[in-house]
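Presented sequentially are two complexes of subunit A, the first with subunit B as partner and the second with subunit C.
Entry: the complex of A and B
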């Protein structure tokens, strides 16, 4: 969208912005109407109606695309600069983890309809106020990125739905009642025609309508004809693989592109065989399976989804990090002064040069010298996968690991802990990179084994 | 004087298709599920909790429906598209500019994105309700393979428009295969696979070459991805879908509290 004059850009986006604010207004009025009936919520309902009114005013202000008016309904440069300055891979990743933990801790408050609605309004107004920024609009409205915007809202909605059902069930279980799904009226058998087939039919019709609308409103992207000499910058994989591409920052291709994805698939397949918890089968609950729940959410929401969002929206030319409102400058240079663990050990601690394998020596001699050079990393790696799990079981006697070991047996326990340790490799490398500028724990460029 | 509807419903043709009266009473609502090929995927009755939209989100069904949308639009797109370097891009241009109501490619592309998302949401729901637990462990494993095939379908389709977006996304993605341990020529251990001093794994024999059919994304890759996208992977998906649905029934229907 660059190359466009700002006024031209505004005249293009204003129509969409107006429709967007009208949508928010309509949503809020419907919600106000829906909450109106609830006892003691008439004041809140009134407040939502007012939010709708504000959104209507914003729609009116944006419709003409006049920069002097739109200035008042978009973030100003100070706020945008502040947000950009705060954002980095570190704050983004740590921030998303913290947000997950806060949401988990205060889930009982956050799932209340009015609170959740406030959150949705917050998300939508943030988008709206940002869209008048040319750089933000350029990445969010890129046709292939639109599904990810959709994914964010869909995930937020379904996470809310599932969590509110789980919170309700957990409350019932704590009171000695059955989860909702297990109550007598819910277990009643009903005929699939009409109760299920009609639901399916309505879903199909609604989905067909959505797909047609989407297809009519947004043209599928088609760039210049393929050319093997003109490399675009950034070159990105399809959006669902951008989490993996983000891992390339921290690991070499054989890890980030082959081994870790294989471990993700293996780990997913192993879930039913290592989760021995018999509770929480066939109903929404969090309290009865906290460990499995948190592990999965960490893997899915933090490591998979937020990395995709980062890879799509925040990684620009040369895979450099750019804030939401920053111009994707292909000449920006990021300093890379990362150091290997072996360097830290030999040069930093022992004040010696790195042991160097003689290129003409026999294979075994070379391997021995390399092993000597990388000894710290190798010991750490073996300790991490082989010694840490038993240590955990010995140290944590009551709560998690030792009871697990006792119920699962040695092999299943080791498989489970090793899969979790594989998952933890990414955040560990991230931390090591941010704190110690760690390049490789084990660096064996001679055999392409950099780890 | 019988109404036109009665005449149609009493005709031999109608009765040969639907072998029982309309499903308006209990008996015929049961019979319809048993006698209709497409409906017999479903059981006759189910627990109220299990078929509630707020419980299942209908995401499995939506994913299957999107697969059908992709199949139909995909077949129609094949009428217009030739998978060669000379024609691929030109055919997409023609499709965009010269066909009336040309939203076929839009439906297909957005449907593919949507399908990836709905597969994830379906798995999310299955996890959050603990539905992968016994006796449904194996169906979860099949589901993971279906997830993988969905991603591969989308990935192979990404190349077909043969524009800059396509070849570079596939180049970035397939470059990973070059680093496969032992099987990629820049992967760890590949150097060790030598016979009499001759490397077994070169850039013309490694995993990436197998994927692309060449040293770089080119004519052979387009053909290979086209066949994978239109025939090989859809067949695999169709087979596994059948197993997946069948196992849902055999493992006790939609999950619910024991």
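Entry: the complex of A and C
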């Protein structure tokens, strides 16, 4: 999309925008009809019909691609600047954590169909109003990124679906009823053949059709031949690995590339041995498994999905941070002087040079000098992983940690808390990097141990 | 459901209770009606629309087993039992059961039919009646029919038993006689010129076929295998000489030292050799050194940004000062140096076979730089 005159760009995007707004209009009218006919919500249905009407007007305004008209249906510079500022790494990651907590706290309100529909409309109008921006369109309409945008909508839908079922079940359980999945119509078993096999067949055909269409409409970019001395800028992993790539920014490659991914796999495998809560088998629930639910959603939504979104849309040339509406300038100067914790301690606080091991000294002497150099980080991390869990158990007597400790015993409790603390370390480290330019807590490049 | 403190165990127990009730009511047809052949139509009389899947399956199973029992006992099979149900109102399970029932029916009936002796001993009228099924014949019956037309070939144990039973329960020895002799193995001698009359016989035909298959063509087969193996070996030999350009030399000249101005980073050797030649100060000493253009984080190729005076990696944002020291991003170590020296002709010569790492104190090595 870059390299185009703004008018040319608008004439290219206007057709898509018009269709997009028509889709929103049709969607809203169908929803209004459904709510009115089936649920008898005439007022709300009228409101949704009005939203559809607004969308129709937007479609009409965008169809010509006239910049004077499109100006009125896109965000102005102030709003764009505000959103870009919100997309700074610190606010983005802290904000995504807060959004998760808010979604958890107010889930009963958020899963109501009309509220969820409002959310969907919000997402779609945000996209539509942003698409007239050249830089935003360049990222979102890139063939690689189109499916990721689709996945965001899909993820929102499935999160809503699961949460609404869980909320409904929680309400039923609170009333002393059986969960939905245990009631008679849900317990009905169906046959593999033909019920399941037919469904699978239909899905297979539909998916093949979608893939064919996709391959025809959005062609895979063909790039120049690979060269060992030339790396594309920015160089991005496949979308599903962007979370790992983001992790590599904050950790040593050995850590982020080998130890942490293995730990994710091992941790997921350990869940059945850690989890002693027998509730929630075979039905959706949140109230009966709050801790497990929140931990999982933190790991999935905050640590995985938002990092993928960040890597896809917010990381530009030289792996610098760019807002949605910022131009990807490969010469953007971003001062990032990263400092190890040992430097903060020795140079910053004690005002003396780092202890340096003598290259000719014996191995043990070198190790001791290095340990002395990195003592703060070592103490900090041992405290974090070994002392913090018992402290948590002593401090939180009633609600979570002490009952867990009593139920699980020392080893299981330590494994569980350590896995959790490892998860929590990533956002902590990210924030330390952005706020304090912290590089490594323990930096031993001599033996490839950096933490 | 008034008690609100229902635990999950209780919920599960209750649901299991419900389950048990459902099952208790369901299997009635299966339990009672399986053995009796006349009871087979019973499941069809139950209204299928009100049956649960479990009921349907049980009913289907009952009717299926009932019918197969019936055929085994040589009772007059009520073919009308599955067909009596209106096909439009049948569930899939019923259809499957019906198909299965008619299949066993057919195979039983056609197995009865073939031998002429059997037809004489048993009542032929019923056989022909049951041998004309409404549904399409299944594979077993087609095979059976085919075999009947040709000869008494190998048959299944069931069929053999049935034949024996039909012939008045005679001992198995008689059935064994019926088994056709196994075709005699040929001894792979070159085929004798057979008389014309023999060729037309079946055994002669087999013999000549085997001869064609395993005689002279054996030589053809081995020859072609040898040729193929040879081609494979040649292909393997070709594989050892791949279509690649030869590597650039690991030792190469990068010009005279006085062509480098103070603070200059020469990036033109990066594309071919993966090297930046830099004239800069390191620990207060003016040097010319060769930096390897590989990021110490994960091995991407950083770019020299003249405006920002730094090397910047596009993969994870590591940054290096002009002297190669890492200062931003995740790179844990400075860039590596290659060996550099003044050649005899006065030019600088980079040797990529030796590397020098700063964190190991190797940059003090005089081979890692040229003083200016």
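Note that in this section the second predicted complex is superposed on the first by the 411 of 451 C-alpha atoms of A that agree within 3 Å, B and C clash if a C-alpha of one lies under 4 Å from a C-alpha of the other, contacts with A are read in each partner's own complex, and residues count from 1 in each chain.
Operating definition for what follows: contacts are C-beta pairs under 8 Å (C-beta built on N, C-alpha and C of every residue); 3 or more make two chains touch, one makes a residue touch a chain.
These numbers were taken from a predicted model, which means no experiment stands behind them.
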| Taking the superposition as given, does A:269 touch the first partner, subunit B, the second, subunit C, both, or neither? | first
| request: Quick one: classify A:320 as touching subunit B (first), subunit C (second), both or neither. | output: second
| said: In the overlaid three-chain picture, which partner chain does A:337 touch, first (subunit B) or second (subunit C), both, or neither? | reply: second
| Any idea whether subunit B or subunit C touches more of subunit A? | B
| message | Taking the superposition on A as described, I'd like to know which of subunit B and subunit C A:278 touches: first, second, both or neither. | response | both
| message | With both complexes overlaid on chain A, does A:395 touch subunit B (first), subunit C (second), both or neither? | response | neither
| request: Name the contact category of A:177: first (subunit B only), second (subunit C only), both, or neither. | output: second
| task | Check whether A:445 is in contact with subunit B, with subunit C, with both or with neither, and answer first, second, both or neither. | result | second
| message | Between subunit B and subunit C, whom does A:72 touch in the aligned arrangement: first, second, both, or neither? | response | neither
| said: According to the stated criteria, A:251 is in contact with first (subunit B), second (subunit C), both, or neither; which is it? | reply: second
| field | Shared contact residues on subunit A - subunit B and subunit C | value | 178-179, 182, 187-191, 194, 227-228, 230-232, 235, 245, 252-253, 257, 278-279, 281, 448
| Contact residues on subunit A for subunit B in the complex? | 144, 147, 150-151, 154-155, 158, 161-162, 165-166, 178-182, 185-197, 199-200, 203-204, 207, 211-212, 214-216, 218-228, 230-232, 235-241, 244-245, 252-254, 256-259, 265, 268-269, 271-273, 275, 277-285, 289, 293, 296, 300, 444, 447-449
| request: Spell out the part of subunit B that touches subunit A in their complex, as residue ranges. | output: 23, 26, 29-30, 32-33, 39, 42-49, 51-55, 57-58, 61-62, 65-66, 69, 89, 92-93, 96, 103, 105-107, 109-111, 113-114, 116-117, 120-121, 124-125, 127-134, 136-138, 140-141, 144, 147-148, 151, 154-155, 158, 161-169, 171-173, 175-181, 184, 186-192, 216-218, 255-258
| message | Going by the contact rule set out above, which residues of subunit C touch subunit A in the complex? | response | 1-6, 8, 11-12, 14-15, 18-19, 52-54, 92-93, 270-272, 274, 293, 297-298, 300-303, 305, 307-308, 312-317, 319, 327-330, 332-333, 359-361
| remark: Within their complex, subunit A touches subunit C through residues 173-179, 182, 184, 187-191, 194, 227-235, 245, 248-253, 257, 278-279, 281, 288, 317-320, 331, 333, 336-338, 359, 439-440, 443, 445-446, 448, 450
